[in-house]
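What follows are several structures.
Each of the next two complexes has chain A plus one more chain, namely chain B in the first and chain C in the second.
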Partner chain A sequence: MSIPDTVETIAINIDGVDVQVPKGINAIEAAKLHGKEVPHYCYHPKLSIAGNCRMCLIEMGMPMRDRATGDPVMDTNGEQKIGWSPKPTIGCSTNVSPGMHLRTNSTMVKEARNGVTEFLLINHPLDCPICDQAGECRLQEFSADHGRGVSRFIEDKNVKPKRTRLGPRVTLDDERCILCSRCIRFSQEVAKDDVLGFVDRGTYSTLTCYPGKELANNYSLNTVDICPVGALTSTDFRFKMRVWFLKRTNSICTESSVGSNTTVWSREGKIYRITPRQNDATNDTWMTDSGRGLFKETESENRINDYTIDGVSEDMEIVAQTAADLLQQGKVALVGSAHNSVEEQFYLKKISEYASASTNIIAKTGDGDGILLSEDRTPNLRGALLNRLITELPNAAADSIDSQIQSGAIQTLFVVNEDLTSLGISQESLAKVSIIYFGSLANQTSKVATVVIPTLTVFEKSGSLVNQNFILQQFLPAIPGPKGVISDVLMLAKIVEKMTGDTIEPVTLTMIWQELSNTIAEFKSITWQKIGDEQGIQINPRAFLDLPFVESKNLKFDPTAFKEANSTALES
Partner chain B sequence: MEHQQYRLIFKHVDQPDYSNDIECYIKNGGYEDLKKAVGMQPEAICQEVLDSGVRGRGGAGFPAGMKWKFLDRKSGKPIYLICNADESEPGTFKDRQIIHQDPHQLIEGMMCAAYAIQAKLAFIYIRGEFYEGYQILERAIEEARNKNFLGDDILGSGYSCDIIVHRGAGAYICGEETGLIESLEGKRANPRIKPPYFPAALGAYQCPTIVNNVETLCDVKHIIHMGGEAFSKIGTPGNTGTRIWCVSGHVQKPGYYEFPCAGVTLGQLIFDVCGGLKPGRKLKAVIPGGSSAKVLRADERFKGKLKDGTDFDWGVEDIPMDFDSLMACGSMSGSGGVIVMDDTTDMVEALANINYFYAHESCGQCTPCREGVPWMRKVTARMCAGQAREEDADLLMNIADQIAGRTICAFGEAASWPVQSFIEKFKDEFIQKAREQAALRNDGKPTKIETTLI
Partner chain C sequence: MAKTKVIERKALTWAERTYLPQILTGLKTTLSNMLKKPITLQYPEERPVIPDDYRGVPTLVKDPHGREKCVSCQLCEFVCPPKAIRITPGEVDVDNEPERAHVEKAPKEFDINMLRCIYCGLCQEVCPEEAIFLQDVFSLSGYSRDEMINKKEKLYELGGTLPDQHFKWDKKKSAEALGNSDH
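Right after this comes the complex of A and B.
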């Protein structure tokens, strides 16, 4: 790993090799930068230091100086002697300082690690064959690396509860708990919901909730992620699937404009769980519980699986042609969505232009929690603005659409995944216009639509989204969509083809990005490849800084600071 | 041979006409040293304490003046003084006597120390079991407050400081200073990691804090009284002042005895001062500094060089009772709890008893101590229950080696040292136990022998 030039570095020595590391980091991170693993359980880079697992014990020494004179003490070779600490020290709370020497693999260090490993295992149930954590368990991995293979423990193991409900989504297997306190620190420091703690003493210490409370906050499942063993388990995922069978796909959480980076875990077309993926610019290593449940939408009973005209299944070519014909009749209004990807919005913009349509987006807002759930409950409002699909922030009502239907100014509605009846437009009003419904879930609007085009969910397609910080991020398909349903971008391109008579070949995201980078100034020189390679690309937000975005301050976004930073950049 | 005690701290303890109220204390010259102290520069007192060479009486024996020097005075945060009255080391019962019989001595010593370090507030952390001591202290503090020996503008000096007595809830680990601070703050007494949480910089409420033992704080009063130099003349260089030895076990007259450091040898203490062992018994082993100190075997010989370069060649009975001599013999003076064992003692059972205590008291925060110490308890308990194996001695030693030096606080050592020393010095008994039980098993007899193990 390379260290950015902007970071101040110092010289230290790791296992006899002089290296440069950033100032102030701890020994675990310093060793990691130079390819040395210091095993650890309780240390987590995003949490405070507890120092209780003792797995990261290493040897530390400093160059010796004479106590009286302060002069360096030299050895016979004329090199400064190193005063090694007689006892091993924990790497997590040892911050590097100039000249520090570290031994990460000496005999003393190995003995210490082996000792800790043995201690952790003596009361461990060793139920790996039925444990959900197996395959991604630090204890299992380090036991293979640092364990003795046989047990010297012939006494009775401690017996503790095997299934304690800590909250609606988290179940504790107490026997597996190694009391690292990561979950407690997470609850205090990140989720700001101080409900977890230890009771009882010594080897009988037990993780529990504060009396009368439960681990019910919207971040509770992060404790399952950071649990280094199989103690905290997701009640939803528990005993469902072995993790090594699961395929991992990079995705983006579409719950709000935060755009948490996620990993979707799937097997044979079925998603089993979603976990956060580290991105220090958007979500650190966390995500909301609510965002993890969004995949259930893929298996919804309301899922639209067929291309239909007036409720009758039709070939998609005919459906596309019918939609194009309707759109070309004029008096079209397009109700787009900030849930669409940048690429889909790009085609929606084309449709809107060719159909001379008025374009709306319905705002989706809710309460923010100041952490990783923002007020704007759409993942790509910035994308719609960058695409110039809309020029102002949307509002939550559809009154103007309703009045235009009444006045006859609208005769065709192109609706993207939106239920207009829930926005106060009556069934009678909707009956006056021809509706092209473009969405994944059926609703009152799709039921009265002339043309229904099924779409894919974020888990079934590729694309990119622009989050609250104007960071462009990519998501990839984890599972296939319903049989016979093509991707949203392909379908939109097909409608554009039918409208213009031009053939767009081939419709790929690479091709779309060539056009996007040529036509939209903010996207200049960005390629589809590049979005994937770099974990998020910062887009220039200057053109939109004066818009009154709804997000208030949260973990990774501070509206005032964001505006200030980007306007000063403009001046300079 | 009669050995005269040097009663400095226990001057009035056990005097028939001495009571623990303030009138009696003042009548005997009490609080004169506080009056003297508040007339001095605080730095001058710190210097006196440094010059006196007084070492901490709680166990580690770290020079108190040096500890005070480490105080972070530049942080701008308030400074706190905490008196560690948790006295939880098995075999120790000196602080209890001070609190019960002469509480004002402690209060005076504390206020002198508080003034010297310019503490904003002082605490006495007293173990929960000392309920009577707690009541005595509360009353004594009220008396002292009424006479303006503490509280606002103490004796017109312009310096204000009060004492808050905080009762523990019964945990050995609260005697560890950072565990004590956590407990004082209302949390679980999990010791803090050092670095960065050295109390002198980041102590109670993340402010600079000094934690001293009851006896150490009493010594401060006497240092002010006689001056640091005079105090340093008591005992030997590097081992100054008096020490209270709490002798328990198989001696005729167990109790507390105050002597200058190195004023008596271990043999004199046991055989002369404490009246020797019960008739017909022979000395087998001594734990000289509370149950966590390494055990000394009666027939051991200790050879080596002292700090000042002089050679020594001692039997157990020749060891001078002070910090450095006991350390030179591989043990420590610790908290002054001398536990004497005669030849009726079953060393496996004795160790099982000690292990039971430490396994019960491990706070459970860090792995080696939490898992290792109860493992040692299970092994020794099994050995006593008739299932001893010959390899258990080596196993115990190895477990102890895996704990010591790898834990957050010194509890790891406290729990390992007894095991390491018992096995090192009495390994034959551990193996013998296994063989005896195997022989009994062969004969079809029960191997479990009734013990008095708690």
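Right after this comes the complex of A and C.
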């Protein structure tokens, strides 16, 4: 975390070192900025302060002043004396002020943490071998640092219910709970669905749902992520795999135009779970539950695994040649997709130019929830606009395509991952045209297609997407795709190669971005390397500000404010 | 260049030339061993005594109540240097084993590839539930690669039952009854 220049900084002293920190942050964040860890459970940077775990105890002192006169009190060395608070104070609700002195690692602080840890472990079960949180558990980590190793508690432990169903996706293991209340605050403050609370007193305190309600909102799995122990567990991921086996890959959620940053957790080519990755510009530290289940499509039974011509498996070179031949016969319409990456859309645009094809995209919309699910259910509509694949916002219907098929204006259709029959184009209409289907899942359109080209899902390829705020973000491959299927850009480049007869050099994303940054003004001086390094690059949206985008206000996007901010930038 | 040193060979004495002293010395050794108790074993009819800390084939054991001890924490899979262990975690079947419902987790599958195993014993060392032991089985053979992968049933068959000092999960169950009795 870097300190922005615009923020006013103040001088404080952490463990004897004078440092500058931004005004108004708390002691935990101040210490973190300077490489000191203050252990904590209940504090979460995106939630309100509760101060109930008592783990972040630190020593705090202020420069002394004479109470009567207000003059600084000096010691024998001529420096102002520090009035240390006699008892430790909690770091999360101690906001830094000028001249403040903090001790994050003194004997008193360590003893305080040891004491807190011992109390937290009194009733905590010896569950680590069966606990899904093991390996990413704050209590486990801090117990190693601050625990005694043995328990002095000779009484029977308080045993609480092990498998309470809080909602359709969350299971509560009550005895692991350390009552930090992060989940309760999350439900109140972020999900705006205040269903959780503590009942009973003292050691019998229990997390529970309001009677008759359940934790069923579309953000319930975030409570599992922020739970510092293994109390809240994901019903889907429960007992599936230990976290230390899982490889983490940075990805982007393709559920809607919000473009939440995600981490995909996989082992040996199988994805086990998706969790949000912090990006304060797009999704803070949250994501939707519905977005977490999208990886299941990689194992779908409908997956297309073969390059086929008229249903017969063929070599991909022949398939690319056949597709190119069909495209060059003229009267082509291209049905692209706002699910494609910027790079794929760039090649789709090339294909449409070489084939003199009309380009369409089918809009996918749904109800937004005002948080992290926007109305536009495609991740890269802005990318299609920037690529000039489309110039206007797409329709949800395909009526014009249908009428053009009827009139004979279209004879070849290049369809990207779209089922035209579900859009009201009849099988009889589709029978009149040759279809090149480019997609990962089989549907009614792929069944009647002349050429079928299998594609990879977002978890199997790399690329970039432009979200609702015109932020360009990168996703990387977590798992390998089906055997023998090459990446989408490579296949599109192959088709372009067959159409033009030119040999395109081996296509890498680095090279595509060299071309993109030269071709598209908004992408000037952007490299593939840079998108990954900077966790998203803001693209200039001025050319598209007047388009009536469907998104309404949500957590990180306000259409009116966005328009104002960017049009004033144009004037200045 | 190294210099070669030529050693002068002594001529044999008369007694040496008869070879009789050497033959007699050899016969003495042979005869003394013929009278001793044999130290070789008639393997496989006879089997050696295996010391207690011997590291034989890794096996899964059950507790004295005949219950499965492994909770599929996968620490052995993690620590195994040749990656011989492969576990598919699963849940305890509550309907079949209601007395073990509170343990929650048990392996669905547990494979140890004996073509990979190096008998290092790290799995036994790391196991938090004392469920995996390298016991006295040292001879293992099979006709196919598949046969050399010990499945869960085979591992329990080889492992049998070992005494338990802790009965961790039984203690937990009694704490559940006692600790909550006044609430």
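FYI, the second predicted complex is superposed on the first by the 570 of 572 C-alpha atoms of A that agree within 3 Å, B and C clash if a C-alpha of one lies under 4 Å from a C-alpha of the other, contacts with A are read in each partner's own complex, and residues count from 1 in each chain.
The rule is short, and it goes like this: a contact is a pair of C-beta atoms (placed from the backbone, for glycine too) under 8 Å apart; a residue touches a chain by one contact, two chains touch by 3 or more.
Remember, it's a predicted structure, so these values are computed and weren't measured experimentally.
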item: Room on chain A for both chain B and chain C (clash or fit); value: fit
item: Chain B versus chain C as contact partner of A:68, first or second or both or neither; value: neither
item: Touching partner for A:396 - first (chain B), second (chain C), both, neither; value: neither
item: First, second, both or neither for A:204, with chain B first and chain C second; value: both
item: Which superposed partner A:17 touches (first chain B, second chain C, both, neither); value: neither
item: Where the C-alpha centre of chain A sits as vertex, the angle toward chain B and chain C in the overlay (nearest 10 degrees); value: 90
item: Touched partner set for A:126, first chain B, second chain C, both or neither; value: second
item: Touching partner for A:312 - first (chain B), second (chain C), both, neither; value: neither
item: Partner chain in contact with A:150 - chain B first, chain C second, else both or neither; value: neither
item: Which superposed partner A:162 touches (first chain B, second chain C, both, neither); value: second
item: Superposition-derived comparison: chain B or chain C, residues of chain A touched; value: B
item: Chain B and chain C, minimum CA distance [Å, superposed model]; value: 10
item: Common interface positions of chain A, toward chain B and toward chain C; value: 155-156, 204
item: Residues on chain A engaged by chain B in the complex (per definition of touch); value: 49-55, 57, 86-88, 90, 93, 111-112, 115-116, 118-120, 122-123, 152-153, 155-156, 178-179, 197-198, 200-205
item: Residues on chain A engaged by chain C in the complex (per definition of touch); value: 125-126, 128-130, 134, 155-159, 162-163, 204, 238-242, 244-245
item: List of chain B residues in touch with chain A within their complex; value: 171, 188, 190, 193, 195-196, 359-368, 370-375, 378-379, 382, 395, 402-403, 405-408
item: For the chain C and chain A complex, residues of the former touching the latter; value: 71-75, 77-78, 89-91, 102-105, 128-129, 168, 172, 174-176, 178-180, 183
